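Which chain is which? They are A, B, C, D and E, in the order written, and residues in each are numbered from 1.
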Amino acid sequence: MGLIDKLISTARRSSPWLLHFDCGSCNGCDIETLACLTPVYDVERFGVVNVGNPKHADILLVTGTVNLRNREVLAVLYEQMPEPKVVVAIGACGLSGGIFREAPNVVGGVDKVIPVDVYVPGCPARPEAIIDGVVLALEKFRGKALAVL
Amino acid sequence: MQTTALALAVLGAALLLGGLLSGLDRRLTARLQSRQGPPFTQPFFDVIKLLAKERMVTNPWQAFSPLATLSAAACALLLFAWQGDLLVILFVHMAGGVFLVLGAMASPSPYSQIAGQRELWQMLCCETLLFVMAGALYLTTGSFRVSGAAALGEPLLYRLPLLFAAFLLALTVKMRKSPFDLAGCHHAHQELVRGVFTEYVGPHLGLLEIAHWLEVVLYLAICSLFWATGPWGMILLPLTAFLAVIVLDNVSARLTWRWMLGWGWGAAFVLSAVNLFWLKG
Amino acid sequence: MTIQPGLTGSIFFLSITGSSMTEAILVVLIIVPFFAALACLLIRSTACRACIVIATAAMLAVSSLLLQGPLAPDAGLRWAGLIDPLITGCDFLLLAVMFYLGCRYRHPLIVLLTAGQLGLFVRLEFFVFAKDRGHALFQVDVLSLTLVRVVCLVGGLICLHAIPYMQAHEQHQNPARSRQPQFFALLLLFLGAMNGLVLTNHLAHFYFFFELTTLCSFLLIGHDRSKEAMDNALTALWMNGLGGLLLLFAIQGLYGQSAMLDMTGLAAATAGNQAALLPLSLLLLAAFTKSAQLPWQRWLLGAMVAPTPTSALLHSSTMVKAGVYLALRFAPAFAHTLLAQGLMLAGGFTFLAAAALAIGQRNAKKVLAYSTISNLGLIFACAGIGTPAAVAAAMLLILFHAVSKGLLFLCVGTAEQQVHSRDIEVLRGLCARMPLTGMIAVLAVLTLIVPPFGMLLGKWLVFEAGADHLVFYLMLVLGSSFTLLYWVRLAGTLLASGQVEGFKPERQPLLSRFPLVALACGAVVLALGAPILYGRLLPGGQTWSAGRGGVLTTAVGSFPLDVLFAVAALLGLLALFGVSRAMAGRKAFPYLAGANTRLPDHFVGPMNRPVRAMVENSYLAPFFGEERWTLWVNLAAAGFLLVMLGGALWQ
Amino acid sequence: MAGTILPFGPQHPVLPEPLHLNLQIEDEIVVSATPAFGYVHRGLEKLADIRDFRQMIQVVERVCGICSMIHALTYCQGLEELMGIEPTPRARFLRVIWSELHRLHSHLLWLGLFADAMGFESLFMQLWKVRERIMDINEATAGNRVILSVNVIGGVRRDLDSGQTAWILSELAEVEKGFSAMSRTILHDYTVQKRTRGKGALSRSQAMELGCVGPMLRASGVSQDMRLLGYAAYGELEFAPVVEQDGDCYARCRVRFAELGQSIGLIRQAIAKLPAGDTSVPVKGRPPAGEVVARAEQPRGECLYYIKANGGKFLDRLRIRTPTFANIPALTVMLPGIELADVPVVLLSIDPCISCTER
Amino acid sequence: MTIEADRIDSVELCRAVAAFKAKGCRFVTITCVGADQRGAELLYHFDRELALSHLRLTVAGDEVPSICGIYSAAFLVENEIQDQFGLRFNGLVPDYRRTLFLAGEDSLPPFRRKSGPDQEE
């Protein structure tokens, strides 16, 4: 079974499908995340596809602060992703609430709602940093249980 | 026993080919978009990863549908390999589409249900054209068996140029490329999320992806009938068609299904009918 | 518990041995239902009625299976002297009843048509027909055997299903006096009439049974006595009355050509006779009205107001098959003529147009009705093509259609009693509410559209037989695509639900469940036996390599039935495994853009309110709506009929 | 039973931002669309209570990452007016340059997303490839790709030397070449026109009545552009608003596409006329008690800041009316009657910035 | 420095706004300057040919007439003010009932001051 395990493990690290959720971001990190897909950065080189559907995603990229309304959405999206999955919080807001942490309708960072595996700092985070975060997230798959074939 | 081994070999080859074609598609598309794109082997990694993910269904039927779709696709392909009856191949292939739609409509998600409907309109277009093509095959070769095309002695394309144009439309639809990727293209930034595939998760999605490879291979195999005089024609014509569809995808916006049903399909049907009458007359 | 008269009868007849065995079976098939009907009418006890119906159904089923062709040439002849005047007498009675009905409901058209029939019938009976008729009274060949078995087996099961159905129906309707005795009497009477219709070889007798089914149909459609029901019943009566009149004219013409009333003899004798084409075309027109072909579809659509067993039995499985039976019976007479071409095109057009109109329907029973019309069109077209392969395909289609469609009607009926609607949108998610009925309905739909099941096999044969006729082939292709569309949509709609838990079959009476399960099994088993059936259905003398290694081979193609069935069976097993694994996994809610609530199909909408995510199918009224298109489609169909008639006159 | 009800958002692949639309559909034609908001609401105007008027520059830059420079610009201009400060001429021209760079990157971004919404992925990729040059200019001149943080009260914090301006001009030439090469596809391709022409059309009077701003208004035939107010150095530069008459998605696309060229022209003019001198004036003290309304033209249209100071370090009231906030009501009028497949196209045609709308 | 604005009260509001509409003005927005228990101050901004005009409405209590009937686009900003300041606009369509941005009725309006603006320090 060693071979199959290895194959699955390699496949997981070679085929990260992303779900990007804008969780109250100022769009700064969002457009940088989107920019990662475009010719200059082209993350599809690493097999990354932006799927836009939690049910198909392996990695959840969250930008922005959590507020009282979108925290439910964030929790639902996380729940709807099939295992194994990792979460990457992007930008100062995703990490801690950033500059908005004292604003009236802000709960704080992403890790207040769901477990975060990788934190990508920056305001906004640069595309290179985001790619780096995704690569770090891929390594997290090593630690996750090999499910279910 | 020998037959089983042979069948497995055919399926294995088709899987390999389908996966590589899918990889070629992604890489070529990336190149046309000034990107480098993923490695050719990317689709295999995708599928292996999907097969090893968690199972989640919103309706038990969704666990059944992918299996049925995959076996229909495999069956149709094997029938083709055994030089079967094109009508039967199309019927079996159609059954795969039926189960795909049933699985999509079984989920309570409005996205996949609407997509199921759209997929039906799509099937209406594709299947009609293919059945007309089967009729044309009969008229030219006197048989519905795909072996007839090779026995004809000259490329079918000479006699069915208009039908080939119509076939390209069906191929575009089947490869889920714009202008007709009404539901469920790979890069799914569209109103229906990922169309009929929205609710399929992990292994089930993986099976559907494999079924899709096989279907594309089947379509290209059918395409090869248009130039079945020798191995070169049988390789080059489908390859050209495949590349043409990818290029078309990259130089056009997606049109709506109403357009497809009205203009696209209308024109294709008329073209193929004209071709048929011309053949007969 | 009283011993039923039918039962004693059957014991009596079974004791008769030897060559008269077949005659005994014929009697059971045709006469016993009449007595059973009488018993139903007289005995008002519910339990007794149920017993009578069950016994009759069982007896008919057994008899139909025991019946074997061909008959001795003199079968039944010794009773001809008794039967002939009896039927003539009944004919007058029947026409008188219809005339009375026309007067009572002040329907001048019915009065006129019936009067016409009466006049013509009197003329024929007393001044034209010779008294000496020395030919076989009955005809048992593959065609009639197929139909008899459909009538007795499918029809019997439908009658069983009707017992609990009508009980519930009356509870819902709550009439002052139970009308079930009449209902079941009519059902059984109808079975007898239908058996007579397909077994008789005498054209005048055929006319009687033809009219008798019309009357049964009228009474059953009007069963609920509502205004709508009566209107539709009258429509059915006058349209079928017109068919009867046309049939009489045809009989007159045919008799004029060859001075016989022997149906098989006539079909053989008139072959190649140009002058016979006009009466033959009238015959076909009569068949068209009976089978509700365009432009006569209105009565069948209206008939859907009747209780569902009526729709299942008369208006999809059996009575409407009388028309195609007539066409197939006389197919040799007009084979390879312009008339046949016209028939093929008219049938093909009906197939296409009715399928298109079915797409625009959201009333489940009307979808079934349109689909019936559409399939009958296909069978007519087969009669038009006229090759042995096409005729065999037609019989396969009759068989498979009757089983699957009857089953679907029963499913819809069963569901309708629970949800009190025929609207497809209300039936949405039926599989969650009524898992057994729902899944059987889905299975029934699958048997209609997915290989290796029978309908597809039949359709495949039609494709291959019709590929030489381009226009028809295009109609066939388009019509098939449309058919696929509305069936898959219906099945998908029934499936749509967010249920993840295991299914528990709903509770229902045994008599409701048994026909459903039996028909479902029948559909699957029949499909498996299709190559054998096909081999049997082909007329003698033709050699077809059917059934070698489970591959059905024709001159131009092959259908690997066994392989496909093996795949389907394997798939079924795998699926069972896959489904159970998937259901053991984590429960999932559908994707609702992340705004899910704790209910599977609700999302958080504006103002924080939960909103139910809903889907309704697209019926695309502008493209497929019947209000908009019926007139045009009917005009086109009338055009095709004129072409057909023109073809007859030209030659 | 009223047809189909579909949740569109808050997480949806078409629109990266979390807007929710409750779509009622019949036969895939939208019958009604009710929006729901609040998924990116932070309440940042309230931060003025705890951040002083200078710190608030950092906050308003993050109202929206895509037009952050112009948010800060509007805010600073408002305070300058309130405090009676005149920024230096060089600062005013530099503000124009960065403003127009921002407009360029925003419009290229929008054109890309718009192409993606109609399923034209390769066009999206090419446009974003061109856009990266603008991002490079931003990064080279301000140190950050998206949020530039160049504005201060009284001027700007950074300067451009002649080498940089020359480089900017050469880069802009490349950018111009890049998007001009796509003009035939964007403006004349059959499939693009099929998807955009006649979709979501607003007449001139409708657009005015619904209070539309920016390219939305200009696409409906109203020649209104806040830059005509002459703030910063716009009064000294030559330009005319781009106006189209049809008011549909295609017209909006044409307006924004033409504004790409206009922005490049403005940057060239500004660089050519760039006066020498300091980039900012020193600012002492706190804003005096009083109130002011400041407006500027963002890529999405008119942005309005209302600032009320009480003489203290903290502002009494800061109110931001962003352009998308003004354009959302038009959406609820445009969506009914269109096909479901066109919802993304029409939705994106207002260039929605939900982060701006909700703040 | 203050903005030049016509001071009006709730009764005159609709007539004044309708007058702006008749002049062909574009409705820009409403700014709620401050609200507390005693009342609120609202600024209505209109634009005509790049020139802004303002109305300053002083409200006693927390009930304000909605101008949705005149400028339908005002629904968004009026809902926002309901959310943030806890005012109530009469005749607002659609009325989100203080759920435009926030969770609902029970949350406190975040921008509403506890006392009048004058007493704040």
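Just so it is clear, a contact is a pair of C-beta atoms (placed from the backbone, for glycine too) under 8 Å apart; a residue touches a chain by one contact, two chains touch by 3 or more.
Keep in mind that what you see is a predicted model, and the values were worked out from it rather than measured.
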Task: Shared interface partners, meaning chains that touch chain D and chain E - done: A, C
Task: Selected interface, C-E versus A-C, where C-beta contact pairs are more numerous - done: A-C
Task: Reference chain C; chain at largest CA-centroid distance - done: E
- [ ] Could you name the chain whose Cα mean is nearest to the mean of all protein Cα atoms here?
- [x] B
TODO: Averaging only over C-alpha atoms, locate the centres of chain B and chain E and give their separation in whole Å.
DONE: 58
Task: Between chain C and chain D, centroid-to-centroid distance (C-alpha), Å - done: 66
Open item on the list: Quick check: how many Å separate the C-alpha centres of chain B and chain C?
Closed with: 36
Task: Rounded Å distance, chain A centre to chain E centre (Cα mean) - done: 40
TODO: Give me the residues of chain D that touch two or more other chains.
DONE: 4-8, 10-13, 28, 34, 38, 41, 43, 46, 125-126, 129
- [ ] For chain C, write out the residues touching at least two other chains, lowest number first.
- [x] 588-589, 591-592, 594-595, 604, 606-607, 613-615, 618
Task: Multi-chain contact residues (two or more partners), chain B - done: 33-35, 54-56, 110-111, 114, 187-189, 193, 198-199, 201
Task: Interchain contacts, given as pairs of chains that touch - done: A-B, A-C, A-D, A-E, B-C, B-D, C-D, C-E, D-E
Open item on the list: Taking the touch rule as given, give the residues of chain A at its contact with chain C in the complex, in rising order.
Closed with: 21, 53-55, 72-74, 76-77, 80
- [ ] Please give the residue numbers of chain B that touch chain C in the complex, ascending.
- [x] 54-64, 67-68, 71, 75, 79, 84-88, 91-92, 94-95, 98, 101-102, 104-114, 116-117, 120-121, 123-124, 127-128, 131-132, 134-135, 138-139, 142-145, 193, 198-199, 201, 204, 269, 273, 276-277, 280
Task: Of chain D, residues touching chain C in the complex - done: 1, 3-12, 20, 22, 26-28, 34-36
Open item on the list: Under the definition above, what is the set of chain B residues touching chain A in their complex?
Closed with: 26, 30, 33-39, 42, 44-46, 48-49, 51-56, 186-189, 193-194, 197-203, 205
TODO: Please name which positions on chain A make contact with chain E in the complex.
DONE: 68-69, 104-105
